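In what comes next, chain A is part of two complexes: it sits with chain B in the first one and with chain C in the second one.
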Partner chain A sequence: MTAVALPRPGRRFRPARTVRLEIKHSPVVWTLPALALIFYYDTYRTALGQTPTWANYASLINGHMLIYICVVGSGLAAWAGAREGRRKTGDLLATTARAPWARQVTVLAATAFWMVLAYLGETTAIYVQAARVSTWGSPPLWPVAVGVVCTVAACAIGFTAGALFPGRFIAPIVAVAVFAGEFVGFKAVDNTYDGAYGGGDSTNALLVPGQGLPHLLEAGVFYRIPPDVYVAQLMFMGGLLLATAGLLALSPAARVPGVRGVSLAAAGGRALVTLAAVAVAGGVAAAATAYAVAGTAQLNQQTGNWAIPALHDAATDRPVPYTPVCASAAFRVCIHPAFAEFLDPVSAALQPAAAEVAGLPGAPARAELAVNWALPAAAGTTSVYAYSGTGTGGVGGSWFGGPPAEIIDAYWLQGVQQGFLFWFVDGAAVNASGNPDPAQQAVADALLAKIGAPAPDLGPFTKAGTPPASPGPAAQASAAEIAAAARRFGSLSTPAQRAWLTAHVAALRAGRVTLAEVP
Partner chain B sequence: MTAVKTPSVPPTSSAGAASASRARLTAGARLAWLHLRSRRGPTAVLALAACAAALRAVLHWQLTAGGGLAQEIPMIIEAGAAVLVVVTTHSPFGEAERATGRWLPYLRLGAVLALTGAAIGLLQLGATGAALNDGVLTLARNVIGLTGIGLLTSLVTGGLLAWIVPLAYVGFAEYTLAEAWRAPWMWPGRPPSDRGAWICAAVVFAVGLLAFAVRGARTRLADDA
Partner chain C sequence: MNIELTDVTRTFGRNRAVDGVTLEVGPGVFGLLGPNGAGKTSLLRMLATVLPPSSGTVRLLGRDPAGAAAKTEIRRRLGYLPQNLGYYPSFTVAEFVEYFALLKEMPSGQVPKAVAAAIERVDLGSKARSRLRTLSGGMLRRVGIAQAIVNDPELLLFDEPTAGLDPEQRVGFRALMRDLGQQATVVVSTHLVEDVGAACSEVALMADGRVVFRGAPEELTAQGAGHEVGDSPLERGYSAVLAASRKRVAA
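On to the complex of A and B.
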């Protein structure tokens, strides 16, 4: 008889092979074609119709795509988590060498692997397209980090639910609950933005990762988007992930049958028990802290960005320096390089309009893109016409809400001309009153007719502080009178028009010229 | 040799026929009840009631107010009800069940019809008195159509994973709703009076129901719940 020295079994946890096997046999793979189809229609095609800036494109990866990733990921993770209970193999697997928590972590990791891979693949596709059309800036990485953590958190929540409540209904229930919860979150975010502009509503909903398109077309262009909200989202999602992982480790699902006490004790892991408890407590604390700080967020009306005081760096409120690109033409038109594709159409539209008023009092020397929602300074007080790309301002105007090739047409160009000429004759009071007065409208209509642009269809004139007049015979007669005055002014010779404008444009802007006084 | 007293054959009579008929009905009801229980039918009804409560909560807190969201969240809840019905198609007995008598297709048919009706009824109960966008007709159409999609999916994936395709379809429907698609095969986004949408949903449900009743959900050795 020979004594044989048996090698002591290794105690190191080597999950690589197990994870590879789980990845290989994961059912998530079969859902990737469906996800790709939804991505193409809902996210990619939507991206093709957006303003070509990095921030707009980046908003789609969490505002459109992430919800479907989380729904499928949480549902299939619940399916994977319920596997042992569904197949009633818990007792059998308890006899294996690995601790239950190690076994479950590998299954969760495999599910999360595929979902994160799908998310990163779709993000890459969006960013590749953005790189092709953007003329300025760089890909934002904060939204990607938020998306990855949110995806893993959704998988962890689903997996834990499946492990705790194994059965045939848990997977669809988790998926539908995540689906509905995301849309409820979107509604809450919309309310937050409505409240920000109207005053009042809570800002905790900013924790929802998918906030849809940015509420400002020029987001991330003139001012960097501060990471405050992203940090809060990471804190919240990370807290949920940590708490869920700890809960899973402490749950009966990870318990070795026949062993009293909490689950990890049988694996010799009192330290792991403590760690899991700390993870739950820490995760809840992190999520609660994120919820609390998100409630203090304030919208900066100048930059258009959310700032959370506890996380905010004042340096991000400084404007981003840039060198404008300008068109070589008689009337100098400049634009931010991020919107360089709009320069030629804007310049082409403004040249004839600027020529109509060149040399008159208050005529601008050049045009530049206004910053965010900023209104242009009143004509007569500045030599620069600040046109808006966000559609703010008085009559007409330009709007950069899509790819230039899709949105620029004759109507768009005429809007640019209307915006310029009405700005020239309106003066400072137009934005307070809402519409130009009849004399201003008649003169602007006549100038537009000279360059072949139609007169805009405006409502009745209202003075600041008064309710708008209801349309009726008086308003209709006024429209006819305005049109007659415009024709009358337009029939004058160009020298006569310019002479009258030189003498009366200041009074016209001040609202002191009546319709009858227009020649 | 042992004399065995054989039981006497009772004379044929109307009372006996009625008794036999009652016995058959009782046996049939018990069979249907056991079939539903094996599919976790009572649990599904409880889950459907939870869906109805969720719909009620959504309508009560006006989470459907405002543009596209008016239909989106109810559509998700209707999808939830449909996938709960679909998941009950899984049989815990596997292929062995197919070797039983001739009643299995009828049991499958009746179970799905009963649960679909329960889903529509409970959801409508949850929406009673509240302003559900497009009303009960759209609710019923969505549940019917999505259940049909799920039944067809169960022939390929089995009952336990048949919830994936209906939810993916609803995900795509959310996009078409926002884009105002008019295709009848995207019935969740169509108004209740759209005949084409009704036809599409009804055809999908009928085909799925018939195929499921005849073939049953796909079974695999690994499935057990």
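On to the complex of A and C.
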């Protein structure tokens, strides 16, 4: 019998229908409701308590979502990858014309399709919420790109593990291993941040997806976040993906049914094996390069962003231009438009406090939001009271650490007032202990009492809002003595207070007024 | 000839599963008989291009499967039903058969008709939309046959195809084999000698990795004259040839 030739299929690889079949039967479909529940309870609800800036919302899509997406995705991919071995279809499939790698790629593509769809769907939900509450900026896309590549890479790693070690337990083993890897990675990232702020530690852990955003409320607001870390993460994850794809292409050679050892022919011939080996080598090289460059990352103290010298574009260090929004009130209060929703509460809180010191030497003419790590200039030397979202004046705390509707209450407003008046009386000068001295504290407490705000019950506090390590001047006087002086000063008439302050505020700020000298 | 084997050997470690088999097979239904461990499945897997031979030469459909391009060409023209059919429970009958049609790289325009035809030929038309997990063992066997014939192959390899089929289905399957054998080379590996007698034009009997008999079923029947083991004449011929082979090996 002469061989009757079948019509040859097109040379072009057309896997669409096979992929559609695999998508329909992917095990991921069954887990989508569970993924939605995890998303709602873990990520979405966390997002509702976020400071309403794009960067803060973007930190969730990889800092929260990607954790379980990668765990679930890698486990399910391992299950899918083990299918041929588990279902014992290896012999049957081995007799088909489609190359093993092409067949496996369609299964992997179906798994990755659902996981990426879940990731993008959840990202969309987060970004829609961000769009509703944010007042400035645009959605960051670099984290999304990292998330997509990381999701695909996790699926590829899981799938390859399943293809190489088919069995019922490979899925949970892979999922647990990925989770453990993430745990170790996030722990390393914490150490990296501690090192960055405290001095010296490896920055390689920045490659862990979900990181790359500075741990600051105002990230991406005053300075745009450079793509350095994201590029390194993409290079690392892309390298892992490439290497895994190469291993996947080689995997049929290692598991010919009934044959021990390696069969190059089973993997599709020498050319494909060579190509796969090159992919493995290229992927490992890319990941190693990313690891090396991540180790050179430095925290830019000016911008608060991570910079990787080999990848850094200095143009990204320039401040982002913006037009402040200001409240129309006697005391002018301005804010970055990203925090516009905080303007009215901040202005309302500052008006009575500013009125108490208006016209006095060194009293500010206006207040303006500053980059959070920039300490306000000393009172008396500037006409602008620069407050920040993470601490106002001498008072610490994350003032912008959540949505305004949730965090602004009487305590919050009083805190803003305390920050302003303490800054005014202690001049923001840092004395030996970093605390206001007893006289400054008594005067500030009296002024606060006049506008109905309580004296801070924190006792002596530092500029950063933490108790002093050693007793400072405030501790040299008892709380009762300070309270008595505050009552004494508060009992003066307003003109008498203003007259004394006009004459003595410079000395008060300089720490040259004792508690006994407070009238 | 669609199958040309010359001194083919396949070893697994120290075990020589196929030992110097030389065989030429043309169109028609070819039966491969033998006891457990005779080497039938290993030989069939080599014919299916799953296993390469340890030594010797294999030519299928006029091509050497050692070459990647030739192997792909052979596989496009090949149908294979393994002894243990693995399947994906969530697939429907039609999807499973279509899946293999696609993997066999059939022209996409021909796939729907070919799938429907294959399913009808194994009498599963009413179950085309049923999921595989809902089917009985016999039905699954027929699904396996459908995927094997979906690409209208020139070389068909069946390993125990009638296992699990009821008598009526077996009769129907034998008719299908005869029909397929009109144009293609059909190799049937089986324990059931009645399948061979009813459907095969030629038969080979394997023992200990070697072909110990080759001829028409009638010739195998003739070997059983005077032999008492077996319920049917063909079974007696089968037993007689095996007994003689064992005596030779023992000697």
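Quick note on the criterion: the second predicted complex is superposed on the first by the 453 of 519 C-alpha atoms of A that agree within 3 Å, B and C clash if a C-alpha of one lies under 4 Å from a C-alpha of the other, contacts with A are read in each partner's own complex, and residues count from 1 in each chain.
The rule we apply is simple: a contact is a pair of C-beta atoms (placed from the backbone, for glycine too) under 8 Å apart; a residue touches a chain by one contact, two chains touch by 3 or more.
Worth saying up front: this structure is predicted, and the values here are computed from it rather than measured.
By the touch criterion defined above, A:21 reaches chain C but does not reach chain B.
In the overlay built on the shared chain, the residue A:41 is in contact with chain B alone; chain C does not reach it. In the superposed model, A:187 lies in contact with chain B only, and not with chain C.
Judged by the touch definition given at the top, the superposed model places A:171 against chain B, while chain C stays out of reach.
Applying the stated contact rule after C-alpha superposition, one finds that A:88 touches each of chain B and chain C. Note: residues 87-88 of chain A belong to the chain B contact set and to the chain C contact set alike, using the contact criterion stated above. The residues of chain C lying in touch with chain A in their complex are 2, 12-13, 26-27, 42, 45, 48-52, 61-63, 66, 68, 71-73, 75-78, 80, 82, 84-88, 90-91, 95, 98-100, 102-108, 110-111, 147, 151-152, 154, 183-185. Within the complex formed with chain A, the residues of chain B that make contact are 40, 43-44, 47, 54, 58, 63, 66, 69, 72-73, 76-77, 79-80, 83-84, 86-88, 90, 159-161, 163-165, 167-168, 170-172, 174-175, 222-225. The residues of chain A lying in touch with chain C in their complex are 1, 3-4, 6-7, 9, 14, 17-18, 21, 24-25, 83-84, 87-99, 103, 256-260, 263, 265, 268-269, 271.
Partner chain B is touched in their complex by these residues of chain A: 27, 31, 34-35, 37-38, 41-42, 67-68, 71-72, 75-76, 79, 86-88, 166-169, 171-173, 175-176, 179-180, 183-184, 186-187, 190.
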